[in-house]
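After this come two complexes, each holding chain A, first together with chain B and then together with chain C.
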Partner chain A sequence: MADLAPYRAVLSSRIRSQLAYRRSFALDVAGSAGVGLLEFLSVYVIFTNVTELGGLDFAGVALVFAFANLGFSLADIVVGHVDALPTYLRSGTLDAFLLRPLSVLGQLVTSDVQLRRLGRCAVGVAILAVALPQAGIDWGWGAALLVVAIPLVGAVIFAAVFVAAAAAQFWLVDGAEFTNAFVYGGSNAASYPTSVFTTPLRAAVTFVLPAAFTAYLPTLLLLGEPGPAWTPAWLGWFAPVAAVVAWVVALTGWKAGLRHYTGTGS
Partner chain B sequence: MTEPIIDVVGLSRDFTVRAPAGRLRRTSRTVRAVRDLTFSVPEGAAVGYIGANGAGKSTTIKMLTGILVPTAGTARTCGKKPHRQRRELAREIGVVFGQRTQLWWDLPLHESFRALAAIHRLPSDRAAQRQVELVDRLDLGEFLDTPVRQLSLGQRIRGEIAAALLHSPRLLVLDEPTIGLDVLSKERLRGFLGEERAAHGTSLLLTTHDMDDVQRLTERILVVDHGQMAYDGTLAGLVDRVGAQRVVVVDLLGGAHGAGAEVGGGAGGAGQAGGRAAGVPDLHGIPGTALVAVEANGLRQRLAFTPGLTTAAEVIAAVAARATVRDVAIEEPDIEDVVRRLYLSQ
Partner chain C sequence: MNPLRTYVVFAALGFRRYSAYRLATAAGAFTNSVFGLLRAPITMAVIGAAGGELAGYGALEGATYAWLTQAVLTPVNVWTWNELALRIRSGDIAVDLARPVDLQMTYLAADLGRAAFQVLPRGLPPLLVGALVTGLALPTTVLPYVLGLISLALGVCVSFACRWLVNLAAFWLVELRGVLTLHMVAVGALSGLTVPVHWFPDWLARIASASPFPSMVQAPVDLLAGRVQGVEALGVIGVQVAWFLGVLLLGRVVLARGVRRLVVQGG
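Presenting the complex of A and B:
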């Protein structure tokens, strides 16, 4: 879609209404940052007992955590509300979307934006700022590009997971708990070096739910580490491919879900 | 003539209802919400779509607007296949579901209008002109800046209708638009819809339980019963078919107070305590009629008759032979009652 004006009109109204109550907005952002900090605290606690986790030192693990968090919270800002699909179904909002001359998924995604999740983004950026200089990275243009690209590609992958989870809810009317296990479980798995998992689980969070592509594998590239067997570091270069595949799966699922809703299939 | 605005052939829709049966098994049952509907609505017409709850009205509307896909049969709305050409169709129709909002809940109306103008890609001068027209005629001015969730039901429905008409659709589909509104709001809304049709030739498809809506807004009605077409024609024809009674209301001139005593202005004059205004007979025994009410001391009387047995003209002539008639009105039967009779006669 070349012309985004219709989506922008709704989105800009939405952003204005979220910024209207400044103090409340500030509290929301702080709360979201607090969640990110608490999660990082668990990483810190682990490193008071060990010096290495899954082959990475504290700085390396902090990078994985920060990239995963930044990617996830960027995706959460833009598409996080799609897991409220059952609410949209019950209130008839999805019918309203179907009555407008625009893509249903486009309208769903642009119907809201979670600006308060910027707090968690900020935590991710702050951890990156501290950890990047201490991680022993061989700096060059390639490394700089990776630092920018990793969270963006990660966000694209997480966004696909959100959409796929929303699509599943066309069938599972009260299935938010079930799909959350994948969305938030995926985010959690992405925040740690995937090498801590047993091989089958590692394969699952790499090739089934592509969580490892959002942070761990590309971070290995940045650090110049070889990576564990079965999921070597060079897989990190395929993160964009993983993103494309994830979106193909998510969009196929979304289309099938929408067809199920309007009753073409089944 | 041009092609019909709605053209439906053999339209059916099944739903699968699953229910637990025993510990692990589930039974699934197919419910036919709409079966084998065939009808056509010419451009510019106003049609009432009537039926009991669960008769299949909303399902039909959802198939006509592209929300649901038919199980069998075909529908064409504005010459388009509703589901296949959903987006193209959305530019040509406006839809209001009375009980569900299509506006953005936390945005004020003027922002919703701005977003909708962008969604429908209306040129800004045309959008502004249309908005001014709708705001003026639906009287939205005083709450344009209020978030939709804070509006009263009447205000919200007016806003919804304005939003549905902003892009000047060829067909306006209203699903229970007046449900829950007070008498005055209903009346204003009907007045507006009449004007809108006169000014722009907009076709109208209306589902309602309110028979005044049907009488005031539509020239043809479709009645569905258990998903099937039970009647297609005029309201008068339906009344004929089920033999429902019409009522002639006659206002008479009283003799004692002379020619000046009238019903409307005569609350003090003619309405003396107790008795009957002098010189006014009871209209018992007019052939083919039953006297159902005597009001205002006999100055207003209601005679029910069954179309077919006699005509309004014969009744009025018979009344005029016995008393001095000042005014005559004919009340059509209550349509809920007519529909109920129709269902029973199937």
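Presenting the complex of A and C:
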């Protein structure tokens, strides 16, 4: 494992530096938890007015929301900062990464792991803890496995979306916000039952941007619901396949982006 | 130079600064439109689940609300803003304070210039997409748009006054990110950005109405959509003016206290 030692050293230094200012770190974690709570507040407000949304009750929608949020925030902790790539490109920091005998993506990922985003994870876990017993799930080994696997597979999918978005920055640079539509729009779409969308939009957030695989489809399996036409519940079993495809696309894009990069200086 | 002209210059600079990045503006408008594509059906689905009408919103009014919030959120600036905080932390604020102009008013002028640039290129694309995808329920007379634009300008002012106040915390704290995030969370939760304030349960509606946040988004969106009209609209604008002046004055008092404890190194 000698070749991982440099990453370990960088990572532990980042983590130590984040914990150095205790009060700031506590405020950061609170802010991150606040973001999760704020998003859930919308779901709560909606269910003070209605009893079902897109075929699911409050507990069901809360599960979709919590799985999507947990998956997204796990991905955000590990690779979320790759969206700072345009800053690296403009300042020329990326050239330093290229000179070192380590993977550029590996260096970028380990350059800044954001522990404060654990606050948002905690919100997702708390919502799961409350909603799971109330969702009327037929518990067995399969259901238990799903509860553990859904956020992990979701995190892998969201991480691929982050990397694919970062790859696009090699061409966009100033247009970095284009990719926000996919990264944060994807997270937003994943947090609601995609059955509320019209069929073309639902197909787009299932097969083009695999947001529905991160929470809604596997949650249908957990609840034993059939799901809407064109995107039935059994697709949920294919979430790991969606994750693999997403990573193949993301890494292909990343390699092409890195080849396209020619530096900023003279 | 007469003071009013100074502020016009600052506003023009704010306008030009943001108009320089065309690709970034296009990218932002694209993202606003995509979020509209997601928010409009969610809003319509909620109204459908409530039986086709919810707190005065039919499906079309609900979709219009979703598109309008996407159109106004960038001019109003509901996200974090830390320019002032960074200048306080680096000590550059000393240079700003040495200028023979009012610090808060120049920042306000620049922010209004920014908003004036962003209102069309960031506002029209989501509305156009909305008109094509779901249709929009917009007023057919001129008055709601006039009142709506006044209310939008006031929304920018209220948003600025709040961001200014939060940034001043940099006089007392070294790292502001958590504070800024919490402010953004409060704006997002209580301004009517993701769900209309009119859908809030009583306890939350009371908290929202005791805060300046609905004056940032819900107020201009209500007036632009023609949901609130006539004397009632003037009442909404009055509330916005009151929050703006109140928070702005508080920002002046806090700035004065912050400046008194400011120590900048160097000759």
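Please note the rule applied: the second predicted complex is superposed on the first by the 258 of 266 C-alpha atoms of A that agree within 3 Å, B and C clash if a C-alpha of one lies under 4 Å from a C-alpha of the other, contacts with A are read in each partner's own complex, and residues count from 1 in each chain.
Here, contacts are C-beta pairs under 8 Å (C-beta built on N, C-alpha and C of every residue); 3 or more make two chains touch, one makes a residue touch a chain.
Note that the structure is a prediction, hence the values are computed from the model and not measured.
Q: Should A:Gly34 be classified as contacting the first partner (chain B), the second (chain C), both, or neither?
A: second
Q: For A:Phe72, is the partner it touches chain B (first), chain C (second), both, or none of the two (neither)?
A: In the superposition, A:Phe72 contacts neither chain B nor chain C.
Q: Report for A:Phe197: first if it touches chain B alone, second if chain C alone, otherwise both or neither.
A: In the superposition, A:Phe197 contacts chain C only.
Q: Please tell me which partner, chain B or chain C, touches more residues of chain A.
A: So, of the two partners, C touches more residues of chain A.
Q: Please work out whether A:Val50 is in contact with chain B alone, chain C alone, both, or neither, and reply first, second, both or neither.
A: In the superposition, A:Val50 touches chain C alone.
Q: Just to be sure I read the superposition right, which of the two partners does A:Glu177 touch: chain B = first, chain C = second, or both, or neither?
A: Once the two structures are laid over each other on A, A:Glu177 reaches chain C alone.
Q: Could you tell me which stretches of chain A are touched by chain B in one complex and by chain C in the other?
A: none
Q: Of all residues in chain A, which touch chain B in the complex?
A: Answer in residue numbers: 3, 5-6, 8-10, 13-14, 17, 91-92, 95-96, 98-102, 262-264, 266.
Q: Please give the residue numbers of chain C that touch chain A in the complex, ascending.
A: 21, 23-24, 26-28, 30-31, 33-35, 37-39, 41-42, 44-46, 49-50, 54-55, 173-175, 177-182, 184-185, 188-189, 194-195, 199-201, 204
Q: What part of chain A is in contact with chain C in the complex they form?
A: 21, 24, 26-32, 34-35, 37-39, 41-42, 45-46, 48-54, 116, 172, 174-178, 180-182, 184-185, 188-189, 192, 196-198, 201
Q: Which stretch or stretches of chain B touch chain A in the complex?
A: 13, 15-16, 62, 65-69, 71, 83, 86-88, 90-91, 93, 95, 97, 100-102, 104, 106-107, 111, 114-115, 117-121
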